[in-house]
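Below, each structure is written out as structure tokens.
First chain A sits with chain B, and in the next complex the same chain sits with chain C.
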Partner chain A sequence: MTTASSDASSTLPSGRAKKAPRVDGIRFRAGAILLRILLLVAVVAAWQIAVSTGAVNSLTLPTPWQALKAMSQVRDGEFWKDLSNTGLVVLAAFGIGGAAGLAAGIAFWRLPALGDAVEPFLVTLYATPTLVFYPVLIVLLGLNLWPLILIASVMVFMPIALNTMIGLRSLSPVLPRLARSLGSPGPVAFRKILLPGALPIVISGARVAFLYATMGTIAMEMVVASAGLGYRIGYDYSNFRTQEMYGLVLVVAVLATGLNWILTRVEKSMRRDLA
Partner chain B sequence: MSRSVSRRRKVMELRIGLVVVAVLGWYGASAASPLIASPLDSVRALVDQARAGALTADCASTLGAMLYGFVASVVIGIPIGYAIGRSRLIGAAFEPVIASLFAVPRIIFYPLLLGVIGVGATSKAWLAAISAVFPIIIATAGGVRQVAPILSRLGSSLGSSRLKVAWKIVLPAALPPIMGGVRIGFGVAFVTVIIAELFVAASGLGLAVRDAYSQLNLAVMYGDILFIVAVAFVGSLALWAVERRLQAVSD
Partner chain C sequence: MTSMVNSGVETINPDGHDGAVVLDGVEMTFRNGADATTAVADVSGTVRAGSFVSIVGPSGCGKSTLLDLVAGLQSPTSGAVMVDGGAVRKPRRDTALVFQEDSTLHWRTVLDNVAFGLEMRGVGKRERRAVAQEMVELVGLGGFEKHRPRQLSGGMRQRVAIARALAMNPSILLMDEPFGALDQQTRHHVGAELTRIWESTRKTVLFVTHDVAEAVYLSDQVWVMSKRPSRLSACIDITLPRPRSLEVMSTDAFQHTVAQIWEMLA
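And now, the complex of A and B:
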């Protein structure tokens, strides 16, 4: 996973060199798409061969077609219950962790010594399995949605706090001075000048945060939960419902890809420097 | 000069202060709630486990799987990232695929690996590898792309083979960003193995936490968590220091 700091520094608006516009020919684009299709075909073929030659037991690995057919479980009410459960946790965590991360990022920027002091903790938190605290919270709060929401909030908090701090620090120190000499009071200057300036990097952090929260929530649901997409995958696994499990894994992969596509679109539309 | 020294001291003091506040807060919480083990009890439980040899065995299992997966992800990820960064066609074809796969929670593939490979070190290592490989690919592609094209053209006009250009010119020039990806991959490999062990495993630190949780053995659970966090913290800081030194050298 890309850390927010390297993510941010590589996409600083000022650091982008002007590239000459390059028009890709139709043949080039067709070639790229062809290569992608070839990869897909190779993966599916290898999968099919592994099952039909008996290299892998068909009890533990369904054929690609069987897995595809099992994706029809999205029509069941059970799937929608699991999906809404996971979605609720992710959204709640994004709200809580996002607000806290934004506030903390601003505080770390206003108090540079504090920011420097916490930076190694924030950076190493990425490499810390925050999920190991999940059992701790279940013991404290019971087996409901709150332990999930709180841990996922921490996962949202880290990249947003770090990127908010980095984004605000990357702004030229002239900007606040300019605002003051133009006579605008501190909060107005902050809202009108500094925050928009830092927004591109904050948005990058927000996209990463949303993906982290989704990944973390599904992983925690697999460990202990009573509903949710991760819970269902774990349930299918321990009850030897192999085809259903493969179908659901494909569904989750498609959903995550779609989510990433939407978030990337949102990020691009909000970041003028990438356009 | 003296200002930066006093600033650094202030930052250091703040860091120590944060740790002290965290420990005190933990201590206070443990005094207030019977559901929280105190720091002292947790450390004691950890020492007991270490004496009994359980900690060493779990550690070896987790770190072994993590290292196998991490090395595999470096060996697989750097050439793929290099190809994506160097060839416009390969980049255009596969960069969107990599970006999309990056967003898919890797843990959902763990039950598939368990089914095909079985419970054990190999399935954990492969899950770590397929998780850590993505940041390494992305960082390598980005780093290779930043290398000035004139350097590699110079190499080939002096008659160096493609492999030699890659090994002697492009990769060294792209080392700092690649190192950033490798550090992140290392952290991801560790986190992934722990998560996998929390789900299903035969041994490991994650399983130890899970066992302690299901027996409601709070002191052991807190001790193990403390240990996992400490391992992640120290390992991550060490790699961060290496990365910053490489950056300083290349600047």
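And now, the complex of A and C:
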């Protein structure tokens, strides 16, 4: 048994063999995880104490346990309707803003003068909370999903356009020369050599874009909407359903953490393959 | 007239080999607005098919430009670059380039990197993999087929680039300071490897370097270029016996030739 497994490991390529865990690393990670749990416990304890001593009115803030129990609303059909509504907006925005951002990033790279000209605007727009335009768009487009999708698309567009341009610009100048020396036609060279080279940076942009769009959509739904996770949180708030509201906030926090974890994983595995 | 050109081609293509390069009064001037820089001024020379020629010269003397011209990546301002009697106007299928910078594709395995040139030429997967496998072994990277360039040393990556060029079975291999970014020890090692590969494949090689000893060690002939605007100041035949091993570097004949070339460059 032991010999069999050591044989198997010795036939692994050296690249994998190098990944043997280091004892120091494990101890460090265990320490970090312990500290994390302690922090979490401290926050929850402070929350509990604040409510049970009456420092905060229990009508304004439920106890952690009440909030946790209120997470059971994920079993209701209502929750799934809200989730799918928000999800639809985010996915549509990711599709529209992502495609436009990729195209724009490529254009800004191909036309460096244009790229240099628009870069400050892109960065400014990146730092502007675009969701302030939401009410204006509702007036212009009516109370439907389009104002939401449009603004979320802009949120997706900017990091992807910027990172696509930066990723392509940071490629080694030897790659275009290689493409030409191999006689590859432009589009083929772009697809096989340049785009894969720029992809790691594009993907980090995409991760940021996805999180931006999700946060932005929920925030906008809190302002005006007829469904969606943000809408539900806002609705619970204005109807003094604080337990349900905090339960849903916890659900959103769990969803966001999970989403970020998955996207980070995807980004890392792609970077490993591409970078 | 035509027959004269033909007979000329025959003497530079011994044994019916392909890959003879003729430079005829080549001049290259770069224009940047009102400024004009002459990188190469009037270079003429002949590389016989199947021979190994190195180009040495001071930095910025247009060595790499000369290589770009033979590769068809640029066209000379005047004069002509000819391969096997035909003028070079664009990158040719029978020429392959190896660059100074790391030009491996980091997201591909070693095998897929080596097969990449063939893939760009539309060679089927099975065939290109078979050829790539052969080349991987030829450059001494057997066992590393599934590694990514990131997992390899600089010298190994350059061997991947050389294997990629060789996989396309070019008659002319153009190498632009391919070992320029490597440390001295690795340089010697990969240089010896290149000599072994060249001695078994006998392709025409045009090799740009600023390392005179490397040029003498590798070549049949060394072209010495002058400062910009550069001309060919000498063509020196290297008559050291082949097959050559690294020990040849300690012989008097070797050191004498290196000293002779240094004198021309000074």
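Keep in mind that, in the parts below, the second predicted complex is superposed on the first by the 244 of 275 C-alpha atoms of A that agree within 3 Å, B and C clash if a C-alpha of one lies under 4 Å from a C-alpha of the other, contacts with A are read in each partner's own complex, and residues count from 1 in each chain.
Throughout what follows, a contact is a pair of C-beta atoms (placed from the backbone, for glycine too) under 8 Å apart; a residue touches a chain by one contact, two chains touch by 3 or more.
Worth saying up front: this structure is predicted, and the values here are computed from it rather than measured.
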- Message: So in the superposed three-chain picture, is A:A127 touching just chain B, just chain C, both, or none of them (first/second/both/neither)?
- Response: first
- On the superposed three-chain arrangement, identify whether chain B or chain C touches more chain A residues. B
- Touching partner for A:S181 - first (chain B), second (chain C), both, neither: second
- Query: For A:T53, is the partner it touches chain B (first), chain C (second), both, or none of the two (neither)?
  - Reply: neither
- Message: Can you tell me which positions in chain A touch chain C when the two form their complex?
- Response: 13-15, 172-175, 177-178, 180-184, 188, 192-193, 196-197, 199, 273-275
- Using the touch definition up top, name the residues of chain A that touch chain B in the complex. 1-3, 6, 10, 24, 28-29, 31-36, 39, 56, 60-61, 113-114, 116-118, 120-121, 123-124, 126-129, 131-136, 138-140, 211, 214-215, 218-219, 222-223, 230, 233-234, 236-237, 242, 245-246, 249, 252-253, 256-257, 259-261, 264
- Sites on chain B touched by chain A in the complex: 7, 10-12, 14-15, 18, 33, 35-36, 88-90, 92-94, 96-97, 99-112, 114-116, 134-135, 138-139, 142, 177, 180-181, 184, 186-188, 190-191, 194-195, 198-200, 206, 209-210, 212-213, 216, 218, 221-222, 224-225, 228-229, 232-233, 235-237, 240
- chain A-facing residues of chain C, complex: 71, 73, 90-91, 93, 95-97, 99, 101-103, 105-107, 116-117, 119-121, 146-148, 150-151
